[in-house]
Amino acid sequence: MLRVAVAGALGRMGRVACSALKEATDVSYAGGLARTAVPDEQIVTDFDTLLRNGKPDVLLDLTTHPGSVEISMSALAHGVRPVIGATGWTPAECEALDRVAMKRNLGAMLVPNFSIGAILMMRFAEEAAKYFPSVEIIEMHHDQKKDAPSGTAKLTAERITAGAGPAQPPIHSVRMRGLLAHQEVLFGIDGELLTIRHDSFSRESYVPGMLAAVRAVMSVRGLQVGLDA
Amino acid sequence: MLRVAVAGALGRMGRVACSALKEATDVSYAGGLARTAVPDEQIVTDFDTLLRNGKPDVLLDLTTHPGSVEISMSALAHGVRPVIGATGWTPAECEALDRVAMKRNLGAMLVPNFSIGAILMMRFAEEAAKYFPSVEIIEMHHDQKKDAPSGTAKLTAERITAGAGPAQPPIHSVRMRGLLAHQEVLFGIDGELLTIRHDSFSRESYVPGMLAAVRAVMSVRGLQVGLDA
Amino acid sequence: MLRVAVAGALGRMGRVACSALKEATDVSYAGGLARTAVPDEQIVTDFDTLLRNGKPDVLLDLTTHPGSVEISMSALAHGVRPVIGATGWTPAECEALDRVAMKRNLGAMLVPNFSIGAILMMRFAEEAAKYFPSVEIIEMHHDQKKDAPSGTAKLTAERITAGAGPAQPPIHSVRMRGLLAHQEVLFGIDGELLTIRHDSFSRESYVPGMLAAVRAVMSVRGLQVGLDA
Amino acid sequence: MLRVAVAGALGRMGRVACSALKEATDVSYAGGLARTAVPDEQIVTDFDTLLRNGKPDVLLDLTTHPGSVEISMSALAHGVRPVIGATGWTPAECEALDRVAMKRNLGAMLVPNFSIGAILMMRFAEEAAKYFPSVEIIEMHHDQKKDAPSGTAKLTAERITAGAGPAQPPIHSVRMRGLLAHQEVLFGIDGELLTIRHDSFSRESYVPGMLAAVRAVMSVRGLQVGLDA
């Protein structure tokens, strides 16, 4: 059975991931990494201790950039495939990770958003950008979110540009009490409007994508970006 | 029958107003003012010529600020009640108009938005602001609109503040091909979101409010702001 | 300090209410009623046992109709003011409860929806109905919800009719995986559309309304319907 | 230059098409068919008279089913390629048209919706259906629309089923004053919602698709359904 460890195990996403791994039947939980050790939950503070408890096949790295760069590089150095859930990696960092993964003949995945709805929203936005002269993005999150625009909004904008849309579509960031994670992409042309909207109501929506990535990384060589393929 | 003249008669709103006045059964069209005369449609370029063709009871002033200040002041000076469709009037300008109207014992109305939906949106937003800690406004218009934020968005923000909401709710302005005039006001509190949205699909939606204002100004004394009362 | 007991204490709403009462500083938790006793949480199966543990001032009745009728009647008979969170009470049942409450000089409240956003949505819908010839309601809930249309949609339709809108506005019921509780009320007139939308993302959104109702019932005499007043 | 005639030339879509053809630079207007002749606009009542004025390359058939079947069959019989804008053609009728087109070595196109936004909405809906267990369609039109559900909604439902989605996704039909043509497709899965929405604000939005179809039919052989390919 596939052994999966979790970095950032005490964060909000990390907790969801640990629970999901413990409940899954075809993968097993191989411990966690965090700033504070929690022995009852096999959470340790450094990679060497984690390895001593049994080498995992995959490290699900749910820390944020730039910390995730060192953690995932270190995983590869120890022969563990990283599945990275962070946004913000630079092209140079991606290239460096790819080089190391290729050399060691291992897979690595960078998955900026594990939700199937968000992945489809971005794919559709890239496609629609070919046909509409006007594009704007409205992303809406709870007022505790510190960064703006969101990583998903920035990625969507990049995909739109890659899809032959405008170079830097405007991004509007709404921050409100009560909101969770929502995004609308609006496409306008004479006489009509196309809107693609994604609402994420709970972190549980990331679990199927996480498990799919963890399984997929085993048959990848080098770095693959996105679950889309 | 109530005689109504139109200032800004060749603009997009002015044309709609002139048609509506010609078709209405309880008011009559008393000519128009514009930068270019159109004799066939009784459109002249100055107030004196307009008066010579028969004094109107009301001047529906559909020019924009600051031009509308002089036109409406001039109407009052000639004993004609102004119904002003512009946004952007300063408190000092409003006060000056009110003073002149009171002195001449005439009514005047400043109606920043003639659409019943927009009026209700603003009224509801003012009311909801009492209960929600987070408020943001998203206004969306066609890409030919030059000003941002829209006058309606600014007014909505003022009403929200007046209704005990936050001082300057963020306004996001979307400009796209294909759009007409749309606005959303979002209210957030723990666990829930209330959204009030108005879509204006054609200028015809302004006609009932224009006619209501034209009738109402006859029984007003001094300046009344808004159709809401 | 106000002593509040909860009927339906083991239901989803009941659990949220019990937690909220335990955490509140100006009210105290006075035990619960459910089909199964949970001694550790002071949850008992009949009213007499509940009273023996100390008479509450208010019974927050979170059971569903028709069960809630007997429970709230029984509360009044024991001198305990009911705050009822159910929909579906008939006018005859409301009248009977009002009569008993008046006779005993006690208050009672029937609050079909404790969320401030839902209350405002219904209030605004009643108001907007005066001005728009077309009205339709779209309510959207998770696919585990058994009844359709929702109680809130039916109440909104009644309020619209009371507000001089059409007699039975169409209600569309969407049932989907992933949804929580959402409702849109659409108002159409020539050239424009007004939409009032409420999204409920968690049951925590009901807590402020529940606590407000529990406090308000102390100064009411007879039955009051709705938190709106 | 491509010569294009229009059937249903006096209908709302037909008028838009005739204007567009007259203004286009790479196609020319070759007259129209309608129940009433309008000599000034080269509109005649039967095919033979139309042909006598110069044979068109393409007949843009904007009549409705079942009338469109005879008209398009007759066009092919006269060597004119039909581009059909109707919904409601049966598989047997499509097959028959295809057979005749193949025999004459001519192209024919059946395009149920010429709007690029609607085409993308359907394409994306078919794709998303693979991933989401819950799907519902909400279509919203002005209250003068006689049929429900709309042709586009029925087609979207067929595409969803073809895309491995549920067999008959529920369709909700909203009919209101003030609305134009709008559709939402909602996709739900645990914790998230994906919405694809299309708003059509004017018939002008159909022009680019019409012209694209008229050009494309020249290089097609047999019947092609949809502009999508």
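Read from first to last, the chains carry the letters A, B, C and D; within each, the first residue is number 1.
Just so we're on the same page, contacts are C-beta pairs under 8 Å (C-beta built on N, C-alpha and C of every residue); 3 or more make two chains touch, one makes a residue touch a chain.
This one's a predicted model, so the numbers in the text were calculated from it and none came from an experiment.
Enquirer: Chains touching chain A and chain B alike, please list them.
Expert: C, D
Enquirer: Among all other chains, pick the one whose mean CA position is farthest from the mean CA position of chain D.
Expert: C
Enquirer: Let me have the rounded angstrom distance from the C-alpha centre of chain B over to the C-alpha centre of chain D, please.
Expert: Here chain B and chain D have centroids separated by 40 Å.
Enquirer: Averaged over CA atoms, how far is the centre of chain C from the centre of chain D? Could you give it in whole Å?
Expert: About 48 Å, centre to centre.
Enquirer: What residues in chain D touch two or more of the other chains?
Expert: Within chain D, residues 132, 178-179, 189-193, 201, 205 contact more than one other chain.
Enquirer: If every chain is a node and each touching pair gets an edge, what shape is that graph: line, ring, star, complete or other?
Expert: Per interface graph, the chains form a complete graph.
Enquirer: Give the list of chain A residues in touch with chain B in this complex.
Expert: Touch list, chain A to chain B: 132-136, 138, 140, 143, 170, 172, 174-179, 186, 188-193.
Enquirer: Which part of chain A faces chain C closely enough to touch in the complex?
Expert: So the residues of chain A touching chain C come out as 178-180, 201, 205.
Enquirer: Within the complex, which stretch of chain D touches chain A?
Expert: Chain D reaches chain A through residues 115-118, 120-121, 123-124, 127-128, 131-132, 187, 189-206, 208.
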